[in-house]
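You will see chain A twice below: alongside chain B first, and alongside chain C after that.
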Partner chain A sequence: MSILIIQILNSLFYASVLFLIAAGLSLIFGVMRIVNMAHGTFYAVGAFVTAWLVGRAVALGVPTVWTFLLLPVGAGAVALLGVAIEPLLRPFYRRAEEYQLLVTFGLLLILEDVIRLLWGGLPLSADPVMDLLPSVRIGGLIYPGYNLVVIGIGVVAAIGLWAVIYLTKFGVILRATSQDRRMASALGLNVALVYVSAFAIGCFMAGLGGAIIVPTQTAVLGMGIDALILAFVVVVIGGLGSLQGALVGALIVSFVRTAGIQFFPEIELAVLYLIAALVLLVKPTGLFGTA
Partner chain B sequence: MMRADVSRAEPKLLLFGAAVLVLVVLALLPLYIGLYQTQLLTYGLIAAIAALGFNLLLGYTGLLSFGHSAFFGIGAYSVAFLLRDAGIHSMELYILIGLPIAALTSALLGYVCVRHTRIFFGILTLALSQVVYSLALKFFWITGGTDGLRVARPTLLAGMFTFTGGGAFQRFIDAYYYYVLAVFAICVAIMWVIVHSPFGKALQAIRDNETRAAFLGLRIRRFRWVAFLISGTFTGLAGILWVPLNGLTTPEVLYWPFSGEIVFMTLLGGFRNFTGPIVGGLLFTYLKTYAVATTEYWQLLLGVVLVLLVMLLPTGIVGAIATAAAKLRRKEKPA
Partner chain C sequence: MNQPSTVDRRKFLGALGVTVGGTGLAGAGLMAGPQVVKAATEPAKGKIPDTPFRTGHMTFFTSAAAVLGEPSHKGHILAAEEINAQGGLLGKRKIETITADEAAGTDANVKELRRMKLEGKIDLFTGVISSGNSPALAPVAEELGILTIFTDGCTDFVFDVADPEPKYVFRITNIQSADGITAALGTAQTWPNVRKIAHIHPDYSYGRNAAEHFTLAIERLLPGAEVVSESWPKLGTTDFTSHITKAMSANPDLLYTSVWGGDYVAMYKQALRYGLFDKMKVATTLALGVAPHAIGKDHPEGVLSGVHSNYYFTYPGGDRWPLNKAFVQRYYKRWNEYPNFQSEGAYVALYMLKTAIERANKLAGGWPEDEAIISQLEGLGMDTPSGYIYIRPDNHQGYKDAVTGFSKNLPDYPFATWDPHRVITIPIRNITAPAGWAKPGKGHNESTAAADWIKKTWPKATG
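Presenting the complex of A and B:
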């Protein structure tokens, strides 16, 4: 029984991180109509920046309690990176999707190597953050408390994002721009600003995903490329541009994956891709998509 | 009337002459360049075949596939399996058996993928190609996992040429270059016929205006499916030719960034031209080889080139040259 609870918690932990990445990808697509192939790499940047910051802080003798605050800092750095990169994408908003895919693919190649340039090829870890929290006893088994925090962050992020999009004025502007860019512009909205904000929020979420997962594992090269494909699977299942879709998709992928690792490890990834292909065939817009 | 006919026949003849000239130059090149350069050129020709097939979808049908690594990889792994499990050493048999396998896979994946267009087509091809990748990765007792499978030098032309003993590597590269060149020439000829046939024209009509093509009575999905099939088979052939040269196949050729490389080479040459992907495939091979040789951060270099290319030369190198040539001609003949 307790092993089942642990597996469910593992799934939720994984779903939280996946939701953060996929929701960012979905938000960027929903508002800007760009499928950002570099999105997974933003997640990787978040992981590397955070691990590096934590490492520096520990080396400087900062009490480990404070290193917790470095997680949002890492995510914020990725948001800033997004703000810096968005102008580069501007010439492509009106061009064919092929070019948008290609330019973000180019961005992916560049960023992957920038990571290597800055931090070398060695994995970076941020264990002190993980060790900060005591383990929790569930039945007869031990579960790291930090993982529960990650699940909490995922829930808070989901609620927060929902609140921003559906309850604030900024959210109304965001949705209006996503529905009709020209009309929004004609009504006097600063569309360029909305685009930058959407891109920055999307990057922040991907960065946060990287920041919160890095204490439990290490930041390694190529983690972004793997994450991108899983995020694609999530948004394809849930529907590109849909927040609920990202949430449900992340939950489906995580639970299937946890079950897969347990029961059919050989075809665990293949099953995920097949589910995505199946959803595209039956309902191209995904479970919650409208576009 | 006569004049019109002559002016229509002339460019075709000119083109044929140019193609023969290029072929002769390619055939003579190994006499003047070293072994390493010949090997590199062979890689380039193989990449050109892959890009040529890919471009039937992107350039002529208007579908951007991000999953062509699957067909390349299936071609490569077919050869590895034929060698290991059936003990086949003949290159001709590799091609004869490998091609139907690649065609079958393309037909299967294509049947699913052509139900969508645009971005969904891209994601669907990506997802399905990664099914193949993850299977190759996880069933390591069959595929060798990340270690991949080694492939020995095959015999060419039904056993007429074998490559063992001293100096075998040099003899193999010299012979294999001409082998690949011949296959390349055949591929280019076939693709030329395809895109200039009524079938090819129908694909372009579908690309330019799907609704209008449908009203003309074209069965759009069927056409796209056949285009997908041909495209995947060409790229599969490239995989078959690639693996004896490389001597090893790993899941890396199935991983999606490799699909990105195929897209990259096609774009580099230009996807709105017949010759674009050929030039792109050759050029990309040299670009990547020299980037890898000169800097540890070759991906960065390639990424910058890609971004600049999309920004400044969206029609690729061949496209840009064609535009420049057209401008020049108009200046000469102001009429």
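Presenting the complex of A and C:
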């Protein structure tokens, strides 16, 4: 029984991070109609920046409790990076998708090398943050307390994002711009500003995903590519551009993956893609997607 | 001869020569030591061109495998610089190196090898870490006629199936099947009461090979041992929480894993938080085989920490084997970090080449043809930092005694290292198939010659 509870918690933990990345990807696509291939690498940058900041803080003697606050700082840094990069993408908004894919893929390659240039090939860890929270007993087993915080952050992020998009004026503007850019512009909205904001929020989400996960594993080269592939599977299942889709897709991907690992280990490599293929056959736009 | 006999386990382990020993002085510190790099004692015979000798070195500079692959390049460069400081090969030809990032993928790597030979005009190809790449590159190297010394990519498949009668291709690190068998012997020696074993392996050729050969050996050493849980995470996975939970749910006595590099760092950190190391013993094939400083002091102690059966920098230690102490010092001075088995392998590869060229020159004078170098490499034995190495002529595979050890935190090093009193060494000929043993497809359908050899010749232990 405790194994079941722990595996459920493991799935929710994994889903929280997947949701953050996939929601950012969906938001950027929903508003700007850009498929951001570099999105996984923003996640990786978030992880590296946070791990590096934690390392520096500990080296400077900062009490470990405050290092927890470095997590949103890491995410914020990625948002700033997004703001800096967005102008480079402007010429491609109205072009065919192939151009966007190529440009953002090029961005992915550049960022991966920048990460390697800045931080080298060795994995960076942020253990002190994870050690802040004790492990909890569940039945006869123990579960890291920090993972529960990650699940909490995922829930807060989902609610927060929904609130911003559906309950605030800024959210109305975002939705209007995504539905009809020309009309929004004709009504006097500053579309360029909306685009930058959407991109920044999307990058913030990805960076936050990286920041909250790095204490539980390490920041390694190549983590961005893995995350990107998973994010794509999630949005294929949930529907690109839909936030409910990102949430539901993340939950499905995560629970199916954990069930596969627990019960059918040989299938682990294939199971996610089988689900994606199934969804594509039955509902090609994804569960919550629109054409 | 067909019926496996039974034998007492302790006697069997003794017969296999599984010995537990000490490394000698734990500190391979920066004290002055003898310079063991011998300059050629006599000048080279005949006319030697003074054009540079161009080498191509392919390894992982990016991706999570960089912690394993980058040291290979560093060992290669150290050897090249030392040889060039004496004037180069045969005192006349300086070694130049061009590099390629193995992370590009197998197809791209094959193209890169061709480009290196045809455009880059290399005389020697070295490196290659991944067992996904060496079986693709070996036949191409033979076709191009380029002298090749792999520093890893140790899969049995290369010389069993892909390139069974190699001419130009050599490999300097121990054959892959030795890894699983070494871990099995270490386990049976140290924890003979283990019966329930959980497996976590990356789902690719290395993981499958490590699992298979460990199980073949452990069936014969600890009869009654069974596999109670299996997990096959993708290579590059960073979230092992579900795999760890699954393994723990089966209540095993031992977790056996061949996860390595950045994946292993993530896995052990996560496993610590789940209390896995308190509930079971852990045996690994490659935990401490990466660049030594990659494994922090939070790594639990007493884990069977494999090094791909090849080399760990503290063993042999102290003054007992000066070659190692001097090598580690020079490597540390050059790179400000300690070497791993890839560094030692790449370093030895160039020195092996140098020795073969010098011997060929002494016999025939002038710069030796590739055929002459090859004939000197075959059967070549040498003293190296890791011990004695022998290149077996039939399959061009390097053989050196297998080693493994147990993790421990020592005050001398800011990272997890080996317990100096518990190093396990195994004579390599006791855990690898001998020359002439039938390869897969020639009389049997086992995945490797080693698997067939174990099944046909190892007895089952009792007691």
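Quick note on the criterion: the second predicted complex is superposed on the first by the 290 of 291 C-alpha atoms of A that agree within 3 Å, B and C clash if a C-alpha of one lies under 4 Å from a C-alpha of the other, contacts with A are read in each partner's own complex, and residues count from 1 in each chain.
Rule of thumb we're sticking to: contacts are C-beta pairs under 8 Å (C-beta built on N, C-alpha and C of every residue); 3 or more make two chains touch, one makes a residue touch a chain.
Since the structure is predicted, the reported quantities are computational estimates derived from the model, not experimental observations.
*Asks:* Which term applies to chain B and chain C once both are placed on chain A by superposition, clash or fit?
*Replies:* clash
*Asks:* For A:Ser125, is the partner it touches chain B (first), chain C (second), both, or none of the two (neither)?
*Replies:* second
*Asks:* If you stack the two complexes on chain A, which partner ends up touching A:Ala277: first (chain B), second (chain C), both, or neither?
*Replies:* Only chain B is touched by A:Ala277; chain C is not.
*Asks:* Who does A:Thr218 touch here: chain B (first), chain C (second), both, or neither?
*Replies:* second
*Asks:* Please work out whether A:Pro265 is in contact with chain B alone, chain C alone, both, or neither, and reply first, second, both or neither.
*Replies:* Both partners, chain B and chain C.
*Asks:* Counting only touches as set out at the top, which of chain B and chain C does A:Glu112 meet: first, second, both, neither?
*Replies:* A:Glu112: touches chain B and chain C.
*Asks:* I need the one stretch of chain B that runs into chain C once the two models are overlaid. Options are 24-32, 222-230 or 240-248.
*Replies:* After superposing on chain A, the clashing stretch of chain B is 240-248.
*Asks:* On chain A, which stretch or stretches are contacted by chain B in one complex as well as by chain C in the other?
*Replies:* 112-113, 116, 265-266, 268-269
*Asks:* Quick one: in the complex, what on chain B touches chain A?
*Replies:* Where chain B meets chain A, its residues are 58, 64, 66, 112, 115-116, 118-120, 122-124, 126-128, 130-131, 134-135, 137-139, 256-257, 260, 263-264, 267, 296-300, 302-307, 310-311, 314.
*Asks:* Under the touch definition given earlier, write down the residues of chain C that touch chain A in their complex.
*Replies:* So the residues of chain C in touch with chain A come to 61-64, 66-67, 70, 103, 203, 230-234, 236-239, 241-243, 245-246, 248-249, 262, 265-266, 269-270, 273-275, 291, 293-294, 296, 298.
*Asks:* Spell out the residues on chain A that touch chain B in their complex, using ranges where they run on.
*Replies:* 35, 88, 91-92, 95, 97-99, 101-103, 105-114, 116-117, 225, 229, 232-233, 236, 240, 265-270, 273-274, 276-277, 280-281, 284
*Asks:* Using the touch definition up top, name the residues of chain A that touch chain C in the complex.
*Replies:* Contact set of chain A toward chain C: 3, 6-7, 10-11, 13-14, 112-113, 116, 121-123, 125, 127, 130, 135, 141-144, 146-147, 213, 216-218, 220-223, 226, 257-258, 261-262, 265-266, 268-269.
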